[in-house]
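Chain lettering (A, B and C) follows the sequence in which the chains are written, and residue indices restart at 1 in each chain.
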């Protein structure tokens, strides 16, 4: 623009409309907007025509209708009399459960393998590398199917279940373990747990203040563990052990009683954890390598043990590099949980598909999918951004 | 969004497959030269592709009959394998002209999904199958309380299952699969105690099991499953053709006209047969449908009558060996009743 | 002045340690790499135990106990299952893979026409290898052939219907060929689309920017299955009645759009890394927007993000397996179908064998791509630091 003014200062009006970048930009955007509006109008028009022609009603009213089908895994009360809306909520909860469990395990495996890849121990290093290279390069759906059809489907039938310690069983119907049944007084245990956490936080704070002031350290970790485990146990004893175990037993068809983790959940959970862990391992490795060597050398020079140097010096700095890509891995895992449909785990996508088939409301179902997955993405991003700002380098 | 559309249009312009058409299905079908028929991806006896991609089965033959009625040539038909989930969208969007995929006729499908059912090509009912080796002593569905049941998602089967167990106050554990084959494989692997689908399907599935003789179909039939071909609402002409193709198949069986004797039957003295085969003078039955007057002849030449189709695909001429039962003609105590063609 | 308790300052000297051993040889190597500290020794022994325990089992299952020939499931069944193998036997059932190999590669593509697919594959490799080998000249011509001409040739060859080639409809396609077609088209479409979207997102025009951001973030926020679901179930509703899309085409659109959003983010990273001076330099030379992007910015930006681009390609390649959820038969789809839908080979070992075979193929492709990207990264890197 400035160029135009100086060179063609005398007669800017003649060429400006064609060559003025501003005018061009407006024109281009107007065209784009027009095309977009036309395109959307075209799509909406076609859709309405298609829907009226086949007599399909639109709107979300169908969500109140009776679902009529049963769902095998449910954390909230649901029966075939419940509404379609509730069925979708069951699906969302199932998605959340498998995603959270997967994130938890994948993070642990990922950190172990990531650190293992940098280990001085040749064997550990090689095993970690093989793990990462194998799982990173195989489609997650294949891993899910492998677990489901290749491993868990070959377990013995109910009658020949593998008996495992603590009254638990493993068979083709999944993993069974005893259920805790709480009776009166259970609140003391919960209270002990809550108080334990609160006290630990307090102790950690005091210890930090004290260390800042006097340099004396206090075994915060051990104290916290003691408090968080000890107080509930104390509560348990005070209340006279208000808990009984319900062991799984052989019924007519299945094992009855106890808690059953179904093979659908297990294979999805295992596959997602192992798959995502291989990516997390690489992120952790890159993060640790991103901390300059001088830092750990300085830590060593200060006389910190290798564990201390890792915990106090390297990891806090590495976390800053690790967190952003880790967030996107968490999101990937959540999105990959929609592969559940291939093995019949009733997550949001599978339940939505069933509802689509019963009601024919394709557009509404897709809108529900979009809203739910986008909100999950947004929430995770917000949380991790908050965490990231907390961990970020505070420059003074 | 704009990019989606331009992308879509650009690729569509490559012309892999796109056929622009109006709301008149018969004209579209005639213009493109074949009937596009939606069938099951693989249900022995009803529709299944062989190694070379040739489709066979009762549902498949019905589409061939429609093609024969329209074109006089039963091979002018193309098949699209559909899962339970994509079948209705495929019909609504116009991807297929007729859905002949062991689909149960229900009121909600007629109203909310905008389908028109052209008749009942197979009267079925839902049943249960169990592995008698693994769970001996079970000989009634009422003994299945507490069982794990394999079922396909998004079908009337899934709904009937829920209703049945609820009505009989029994507990069960549904193991739901997207696809037919997945449910089969899981049942065979012992993931479930019982497998439920339409009885005809149970016989087909039983044949695919590692050891078919271990599996027993329980006697209870828990639902009515009238299976038939359906078309989109709003095109009565096309609906008529599908409907009357079905009745033609029944009427020819009733009149004893078969693939082998159809040409000979054209010389029959019987006025009913002459009218049916369009050899009556000044007949307008075929042309009023928008077809040629020898449409019934073409149908029978292409696929045979209903009885022949049945025996060849699911009856005595097939591995399924299902007896006619309620699918016999009304004259033989069954439910198949062809409306008069006159 | 300072009366603090300096307890964290060491007062006595640490005990002097002996100089580290030097030298070479297996013993020294093992001592430094495996048994440096007691903890290390424990870990090494544990890892060694793991390897010794699992590796022979895996090898045994894969090769030594595996069955290599047979015509149906009886070959892979033990006596109590109705076959001939000793009870308790467990091993891979390779005849299943050998018997179904053609199906795994081509799906139900007609036998007599399979030479067309093979020819297509040969042309693909013949164009790809020189394109990827830095020493071979004529890169421009090669790229034009590979990205511009090859799609049409492949389309003609695979679909047919012209020049006396029999028409093969896409529902007959299957196996590895569908996986490769989906990936190739996904890659060829998503790279330019991703570039356009990335430029759109960094554009100064608010509407362009807004639209790009909405598209990219929406697609990245949802799982691919939802996008495929839209492509499969909603696309037909968006177009006038009677217009129908081929199922493969719909999957292609879904996969390509999905990958392009991820590609856009990778490329945006590259664009952001280009110093402002480069833009200003191009402006001062009087280059227009497209010239500036095409000659100055993009070449540098793309070079920076080669690893990211290849990672997106690898992701795309793996993601093509999801089309099995909308009932299409890519490599994983046909393997899965042969496992669960075919009683001829129903044995306890079939599923494992089939999936391991598919995994091996996917692994080879993905690992190859990632190794190539590392190689390219090193090459481009040295070019930079000269």
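Keep this in mind: contacts are C-beta pairs under 8 Å (C-beta built on N, C-alpha and C of every residue); 3 or more make two chains touch, one makes a residue touch a chain.
Just so you know, these numbers come straight off a predicted model, no measurement behind them.
Chain centre most remote from that of subunit C: B (centre = mean of CA atoms). Contact tally for A-C versus B-C: the pair with more C-beta pairs in contact is A-C. Separation between the centroids of subunit A and subunit B, computed from CA atoms only, is 43 Å.
Taking each chain's centre as the mean of its C-alpha atoms, subunit A lies 23 Å from subunit C. In this assembly, the C-alpha centroid of subunit B lies 40 Å from the C-alpha centroid of subunit C. Of all residues in subunit A, those that touch two or more other chains are 32, 36, 43, 50, 53, 149, 153-154, 341-342, 353, 356, 362. Each of the following residues of subunit B touches two or more other chains: 1-2, 23, 89, 92-94, 178, 182, 185.
Touching two or more other chains at once are residues 211, 233, 236-237, 239-241, 325, 339-340 of subunit C. Of all residues in subunit C, those touching subunit B in their complex are 73, 82, 108, 110-111, 155, 159, 169-172, 189, 193, 196-197, 211, 214-215, 232-233, 235-237, 239-249, 252-253, 256-257, 325-327, 337, 339-341, 343, 346-347. Contact residues of subunit A toward subunit C in the complex are 3, 25, 28-29, 32-33, 36, 43, 46-47, 49-51, 53, 119-124, 127, 133-134, 136-142, 145-146, 149-151, 153-154, 214-217, 303, 331, 335-339, 341-342, 349, 353, 356, 362-363, 366, 369-370, 373-374, 377-378. Against subunit B, in their complex, subunit A makes its touches with residues 32, 35-36, 39-40, 42-43, 50, 53-57, 68-72, 79-80, 149, 153-154, 157, 172-173, 251-254, 256, 263-264, 341-344, 346, 350, 353-354, 356-360, 362. If you check the complex, the residues on subunit C that touch subunit A are 4-8, 10, 14, 32-34, 36, 40, 43-44, 47-48, 50-51, 204-208, 211, 218, 220-226, 229-230, 233-234, 236-241, 286, 314, 318-319, 321-322, 324-325, 332, 336, 339-340, 348, 351-352, 355-356, 358-359, 362-363, 366-367, 370.
Residue ranges on subunit B touching subunit A, taken from their complex, read 1-2, 5, 23, 84-85, 88-89, 91-94, 108, 111-115, 134-135, 143-148, 153-155, 158-159, 161-163, 166, 172-178, 182, 185-186, 189-191, 193, 232-234.
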